[in-house]
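After this come two complexes, each holding chain A, first together with chain B and then together with chain C.
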Partner chain A sequence: MFEGLYSWSAVAPALVVLATALVVMMTDLFVEPGNRIVPWLTIAGLFAGLVVSISMWGTEEVAFSGAWKIGAFSIYFYCIFIVAAIITIFFSMSHEERRGRFPGEYWSLIPFSVVGMMVMASAADLITLIIGLETMSLCAYVMVGLNRGDKRSSEGALKYFLLGAFASAFLLYGTAFIYGSVITTRFAEITVFVSAHSNAIPFNLQVGAILLLVGLGFKVAAVPFHMWAPDAYQAAPTPVTGFMATAIKAAGFAAIVKIFGLMLATSALVLQDLIWWLALLSMIVGNFAAVMQMNLKRMLAYSSIAHVGYLLTAIVGSDPGVSLQGGTGVLFYLVSYALMTLGAFGVLIIIGGGEDRRETLVDMTGLASKSPGLALAMTIFMVSMSGIPPTIGFFGKFYVFGAAVQSGYTGLAVIGILTSVVGVFYYLRVVVNMYMKPAEKSFVPWRRSRISDITLGVLAAAVLYIGIFPQSLLDLARSAFKSLF
Partner chain B sequence: METALFFIMAAIAITAGGMVILNKNPVKSAFSLIVVMLALAILYMQLSATFLSMIQIMVYAGAVMVLFLFVLFILNVGVEGAFSSRMYKRAVAGLVGALMGVVLIAAVLMRGSRMQQLPGMDVAGDFGHIKPVGELLFTKYLLPFELLSILLLVAIIGAMLTTRPKWPKLKLPPELWPGTADEASTETGEEN
Partner chain C sequence: MTLTGYLILSAILFTLGVLGVLLRRNAIMILMSIELMLNAVNLAMVAFSRFIPGLDGQVISFLIIAIAAAEAAVGLALVVQVARDRQTVDVDDLTLLRG
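Up next, the complex of A and B:
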């Protein structure tokens, strides 16, 4: 009866990160507020989690009577989450120097949310997945609301919380409907059921799948479920915004790939048309709304909505039985998006110091003459986001649109490419402001922080390096996606 | 008899549910919600989910609702004007709600005969008692059950962090309170 019930090895990476969160939480109580040992301890623990995860590459194990599956797919995502979290902590440390302290609990919330994401990446069961998602989201709601002096921030955080709770209700409702028609919440059993009944999908399952799509659409901010994103992104302290845009989005897509790219990837569901519309609207609304934004955090929020659209194009109609390209493209894109977005937010953290919030387009003018290194790094990230070679962003777009063309959605890919051209305009506008305009405001000198300088350098180098040699990351992404089935 | 009870309870639940959203006074809404919970508990009982039914009464109708009322009293929400009453907002909300309702009713009606063909529909004699529920929690659903403890811990930390009063109001050293962006940077900056 207890055979195969639990397995320590299958949850080892998540346990290491969980232990980190608990130790950090306790340590914070015993050291003086603001002591740097707390963030460094978090980094050490997360790094240990990364090492454990990487050492398990190649193993595959189903545990907890089918509720948990660790394999290359989960480990690929573990690495994205943990690396994004470590970079976020580095940025948070230099953000603290400029904008005042984070409360001590902040440092334990990051590993706690990583635990939630890891659960999402390796859940093989809808209930487990939703609990992981809730753990992650609760941490995110709290972290978004940390700027409590500011009314606008509280508004953004409350919006995020209410709409997030609403989205969770959709997810749970969808799960109930799926359980009602399949009598199971295990992914493997649902996949078997769907492929066995592909000519007569029960209506309840259709409804359940749509409700799941709505819920996850809210979580990753796909149009028309994106209302919260710009406000929440602007409300959150900038390192948290970077974390939300990368790790949390990646976790949402881990769930989307598993559910809609694999389990429910059948044209018998009306779902595929809905994903098509979500992708289309996200690309159009995200890109055109971003053009109008003067605040860079809002601009990046809308651009992240556009990137969700690009990612969804690879999932529409991707049938893993025919081609691996869709899922592989998504996994590759998530890494590329994480690297360049973290970098862009890192630059915003460095320039946005002092009393005023320097985060608008005007604040970037003349940055090149003031700080050429920073301007160069920002240029690399912006060029990569607009998808121009030789950067990682080019290959990301190349793979997702290639997958859409291969599965017969050429129209969607064409719209994607056209809207990316709009994207080029607002990304390069930042570069133009940095290089070709004299500084309108005199810069208040900011304190340089070696940690964030090094982090930015590494990110920029990675964006360029993988932009020239994408093959090894692509291979990793492919074997990760293959391990799902 | 059983069918009649079902329809009575369903009618009570739906009416009370309507009153939750239509009442202008939040306290009345909260009390209507208690009625919804109790009616649902009886419906669960009819499905022979006795354990769930008891938990529903104790946790939802009892503990959660008491908390709700506490919050309402502490916030001292006024009777009128607590909610926005713009017409177009109501129209949009009503439309979305109606659409959702149609889909859900359709889902129930179109359930058809497929449900009966599925395996796992036979229920054991002790279905809904504590023992099988506990057994499932500690075997098939062990992992989600354990993960819930992490979720609750995070919820506690989050609640504590967000409800912590802003530090200037309390005579505590500023570094004990969250560094809100602009105030904290000036205050703590001097101390460092």
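Up next, the complex of A and C:
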């Protein structure tokens, strides 16, 4: 038990990012506001964290008396978080050129929340996981409210905060009940306990498991716990919205895979049915509500709710434990979703210049004639989100629905495919507006920013490249998922 | 008092907190209701650790107090910003984001 009491190497990637956050926070005090050294320093530190993480691929270590486990699974997620954070910073810099400066703390909040996510991805203990989740969420609440002087921003931040804190209380209460019946909060011991008691689950454990599901359902915005998401997504500065939709969602799913995919995965707990309903409602409500939205940030918020539903279909049939195909599908899907969502928000950042917020469908009209490159990139992201080959989004959907069929949930997969047809309608409506309608509003010319142009190009290329050659990413996802056992 | 007694008390406190979040309209009162929920968790943790071997529950309750403090700090700052923006902290008045 006490071997590996503590170990620096197991926390090295998280420590590098934590040091980055602290250095950036201090540096910001000594340079004049708006100095570009601060974001570039953040990127350098995050990049160092990425290098350290990748260099540890293949190692596996349990430390801090079993509360922390670093392995291929955590490192896979580290890479998603850090890459999403770096892209967010690139986009934030070009957002600053259009919409005014972020306060200096912004640049350190991003690495701080990445530290929280990294703790979540490598936690092997419920309390460690929740502390990571709080670290991540507290930074996110503040970042949503950073559009100072915009009443909508503080409103969205407050709504996000109140529901997020409400959800944390549910998570902690669930943890208390699980602790009460298992006498520990370590994942490994809870897994053993659950499989030993699978024919007579104690009442406390059942209550605890349901409370955990409610809490995490709020955090990843699964219907019916989704009401905060559209408001928070619309209120946040657009780069923050992209960050929330990708990195924070991926961190939530790292927790869901570990807790509901493996630790509490037995049909003796009634969780399976509840997750089935969450998946179904998320797909239906997310897709149909997205059709009504004229504001693209709200539309992408509802579409992210729908994507949560698709991801949950792969988790549903997990007795005993989510299947290899399901786990691999979720991990693959999270990368594909991160690439195309960051890209779509990147396009919104570029067109969203000037004083008015250009983020509605009308603002997309005529984009193809004004800026063919941007319109092409947006088309690639939208086609990928609707799951049409040859893009990465097609393979993501293919793997998660395939996993659902394999575990005998064909009905859910069929509903998933039918609702994604609704998705095709509202994603391609954006493309139609860009290519087939004349500009309904006069364009305010925007300053081209090379950073965001290059980032968008790389994202679009990745969406297409992995959409044609998915095998290497799939292999990575598979070995990451296997490392959990 | 038995474990069940403590757990019922903690469940009552937690339910009061949930009802407070759902029914009160003042953001400060909602924040206090969330604190009540977290303290119900603390009570449950300490009660469990009194009746089962090990002290984990009591240690965890300290961590939860720290989480509650951090949440209160960020939450009150956000409430102050909303109050500055529109001279009210009634959540029914937060209606700019709709649709």
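A few remarks follow.
Criterion: the second predicted complex is superposed on the first by the 477 of 485 C-alpha atoms of A that agree within 3 Å, B and C clash if a C-alpha of one lies under 4 Å from a C-alpha of the other, contacts with A are read in each partner's own complex, and residues count from 1 in each chain.
Keep this in mind: a residue touches a chain if its C-beta (ideal position, glycine included) is under 8 Å from a C-beta of that chain, and two chains touch if they have at least 3 such contacts.
Being a predicted model, the structure only gives us computed values, none of them experimental.
Once the two complexes are overlaid on the shared chain, A:G373 sits clear of chain B and of chain C alike. Once the two complexes are overlaid on the shared chain, A:I183 sits against chain B and chain C alike.
Once the two structures are overlaid, the count of chain A residues touched is higher for B than for its counterpart among chain B and chain C. Applying the stated contact rule after C-alpha superposition, one finds that A:I127 touches each of chain B and chain C.
Look at A:G145: by the touch rule set out above, it reaches both chain B and chain C.
Applying the stated contact rule after C-alpha superposition, one finds that A:G411 touches neither chain B nor chain C. Of the two partner chains placed around the shared chain by superposition, neither chain B nor chain C is touched by A:G58. By the document's definition of touching, of the two partners only chain B reaches A:V119; chain C does not. The residues of chain A shared by its contacts with chain B and with chain C are 127, 131, 134, 138, 141-142, 145, 177, 180, 183-184. The touching residues of chain B, counted against chain A in their complex, run 103-104, 106-107, 110-112, 114-115, 118-121, 139-144, 147-148, 150-151, 153-155, 157-158, 160-162, 164, 166, 175-189, 192.
Contacts from chain A toward chain B in the complex involve residues 1-2, 5-6, 18, 25, 32-34, 63-65, 67-68, 96, 98-103, 105, 108-109, 112-113, 115-116, 119, 125, 127-128, 131-132, 134-135, 138-139, 141-142, 145-150, 153, 177, 180-184, 200, 202-204, 207, 237, 355.
Remark: chain C residues 7, 10, 14, 17, 21, 27, 30-31, 34, 37-38, 40-41, 44-45, 48, 52-54, 56-57, 60, 63-64, 67, 70-71, 74-75, 77-79, 81-82, 85-86, 91, 94, 96-97, 99 touch chain A in the complex.
Against chain C, the residues of chain A that register as touching in their complex are 127, 130-131, 134, 138, 141-142, 145, 151-152, 154-159, 161-162, 165-166, 168-169, 172-173, 175-177, 179-180, 183-185, 230-231, 234-235, 292-295, 298.
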